[in-house]
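All chains are identified by letter, namely A, B, C and D, in their written order; residue positions are counted from 1 within each chain.
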């Protein structure tokens, strides 16, 4: 074991850092980076540790767990690359950006497949040799369509599902298949402009900044915990189309940033919000 | 006349710029800066021109008006400093920032007086020798209180009213006294977190950016046309109090920026949004 | 002719806007957007006008020229897409980003070919069906290598050359072939960290922001007029490699932004700086 | 003792966090926030811990020191407010901003006095009842002037000296009196535009962003370790004076931010750069 990441989440109490670092030290591991956070309101302790050295991760997890409050989550990140499936509609910019990073070894994950409810991006996935499944929603009930999408996804057994400008609302039933394992890029600075056509809303409201928000997908639309956000300045000369075009650059960068944080195991869920440890 | 600013707003049609610049040329004026905008949706034309030279502004306005569609607004900015009255509650940062700029000749306006519904900032105004009127709202109906505030403001005959963290909602009746002449700084990135306690909402929602919005005050709360906005990054370690403190620096800078644009006559109203000409 | 862009640059004097708009009006053209700027120091006038209507552009250019000071530059933008050739080395992110935009109709130009001094990105260009020429610099003098690069570029007759992370310094002789027609993305916030290894310099200096600068290429290295810049926050935890990775997202977005401004004919040269009209 | 901050800096080796947290635990202290960083290149370990509980700080420091490598720096932050002396010239914005925060309890320090080489800001300090010493440099050698400044500062025994737009270069001899205890706000995004007149340089170079940098003062001008930086967008319409005005808002916010980090004991020096722990 070299350069492993240890993740801990439990009820807060005195002595947690000392206990955890004691176990790591006992196994001869050297801590090279460490970040903790205590959420005072909920009394929760979060810790992310990068340690160097060779050791038996299962045994270490068990030892640490024995020092922590009941119900503690203690786990080492896998050393294998995570498997991703991407869901898309017609917008190319987020998919293209992720395929580029993937093809050049910058993603720390494998894009196993892309599922689209349109065929518009099939050629793009093809350029990078990534399987693409067209599953049109036309003439189907939401349940039927989602069942087909699930069938297409299942063989790839993805750890994370990435909605890379997937423009359909997913049912709570679908979402329940990927608890804390599905992220979305929303084309606005949430919680402003929840729902569809945010750029039209933004133009009518005359905002001077537009943004993008990457968040976990939960049952409540556009209400999942936020992972990353950014904005860019705009002005009265921007048409709805101009806003949408300008927004694309923010969207793709924010989605890639959120995915990077997720794949580096920096993102913890804490109620309606995220804790992002450095 | 040297360095005068001409403001025009009318229905759009061919030849407007040519007609206006022709009149200015005929009077020997030299255009040193010029910006126009046509709002296609509403068919409105906006123009702001800085011209150098000596001339009869009243006559020029009349001549230009004769070339423009009926109902055109044509006016030169006044050469005298605008008079401002500020409304405040307990937060010092916006008031203090404006008093500082005012005292050092950076505001291009005179702060005639400050009205507070608390006495908390009386000493601060006093440091700068600016009259401060404490008009408590306690034990009064909204109508009674607003009538007293109006009575205090009236003698100063302000061109603009600046809500510099005034934490009371103003009635449509009060607002009607200052059409397009009252601006507010809202402690969030509108339209996110409309209403009170935005920093509490922001903390619970776990946003990664917080912002501030300066806007005209209209009858609909937090819905007036936006003049300026900005954001700063925050993270999970920020308490509600931390967010509020961090927000203060954005608020004061955004309010000052909006006021500068307003006092330089760069802000035009166009439906629910502003046109800000450079 | 519908939606043509007229560009004017000349010595400043009274009446220029009136004269130009008069000619356009005489030809029945409707101005839908207009921006001007007078550089006081150099006494230069710059104007960019978007006009709608059908007309004889050659005749209009002549008429306008007859009203302007001698030496005036008056030209309508071409209606055909500009031809680009890209120069690259090993970094994929800028090339990939431009290829993606190009393939999806977002670039307003055609990427005719890519020339690389390494073969590393040949496969990437191939994914998008764009010709790629590998012209290694190894074992050649600068003059020999540049002559080969020029030979490869020439058949494509590009209007603009884009250095998309081309990591070789070009001789003044090479640069002279593309006056005001070559842009570069520099991996730092110029004028900080001129020269090579800016991320190493940035790490050692402990900067809290890193940036990217897109600029015209002139004979003086990293001294050409700046078109666009942006920055992102970083901190002490970033290694040189982390800074470089983070910088890629800024670089590609800034280069794409500068190229967009250039292709929309918004960028004028004025001494050592650019005028970017809206 | 409640809510004390412990600061540690030493050569890196295994087991440091475990050792330190063990001592704190032994004394019944509860860690509420903790951040560490290991600078790999220099092999230095930095740690900042906020702990709650009542204990003998001197004894704890000793115990911790006994567990750490020789030469370790181990200290609790003082519970008393730090004393500051500010040095200024003619620009009011940074001084005014700090006086405002100070007067309203937002600074976590006391401004003991202000020293100016001009009398321009004497009235401003007077508004807030802060002593102001005018020590003109005219007709004096640098050594004479600095000696007088030192004499004026000495009675206040400041922990930190803040150069709030002090426009004179300080000699190494003067700087040596306040090792790691003097900070400056530089009116540019260092390392761009080192030296005087950065706004003139910026205008001539046509930059699209301007910034400010707060840094420790060391013997080498504008080369001290950077604490905080920020930028704002500008364009070709900004004159040198406009750039300077726009820059003021960045300068005051960046200086205040750096001072806040310093007063919260978050800033560690590490060679030519700072480590800023959260």
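Keep in mind that, in the parts below, contacts are C-beta pairs under 8 Å (C-beta built on N, C-alpha and C of every residue); 3 or more make two chains touch, one makes a residue touch a chain.
All of these numbers come straight from a predicted model, not from anything done at the bench.
Asks: Shared interface numbers for subunit B and subunit D above half of all numbers used, same, or below, different?
Replies: Same: most residue numbers at the subunit B-subunit D interface appear in both copies.
Asks: Looking at C-alpha means, what's the farthest chain from subunit C?
Replies: Following the centroid criterion, the farthest chain would be D.
Asks: Could you tell me the distance, in whole angstrom, between the mean C-alpha positions of subunit B and subunit C?
Replies: Going by mean C-alpha positions, subunit B sits 37 Å from subunit C.
Asks: Provide the C-alpha centroid distance between subunit A and subunit B, rounded to the nearest whole angstrom.
Replies: The mean C-alpha positions of subunit A and subunit B differ by 40 Å.
Asks: Going by the contact rule already set, what residues in subunit B reach two or more other chains?
Replies: Each of 33, 37, 237, 278 in subunit B touches at least two other chains.
Asks: Within the complex, which stretch of subunit D touches subunit C?
Replies: 37, 39, 189-193, 201, 204-209, 211, 225-231, 235-237, 270, 272-276
Asks: Considering the complex alone, what residue numbers of subunit D touch subunit B?
Replies: 33, 92-93, 96-97, 100, 103-104, 106, 124, 127-128, 237, 245, 249, 253, 256-257, 278
Asks: For subunit D, which residues are in contact with subunit A within the complex?
Replies: Going by the criterion above, the answer is residues 14-15, 17-18, 21-22, 24-25, 28, 30-38, 40, 233, 278.
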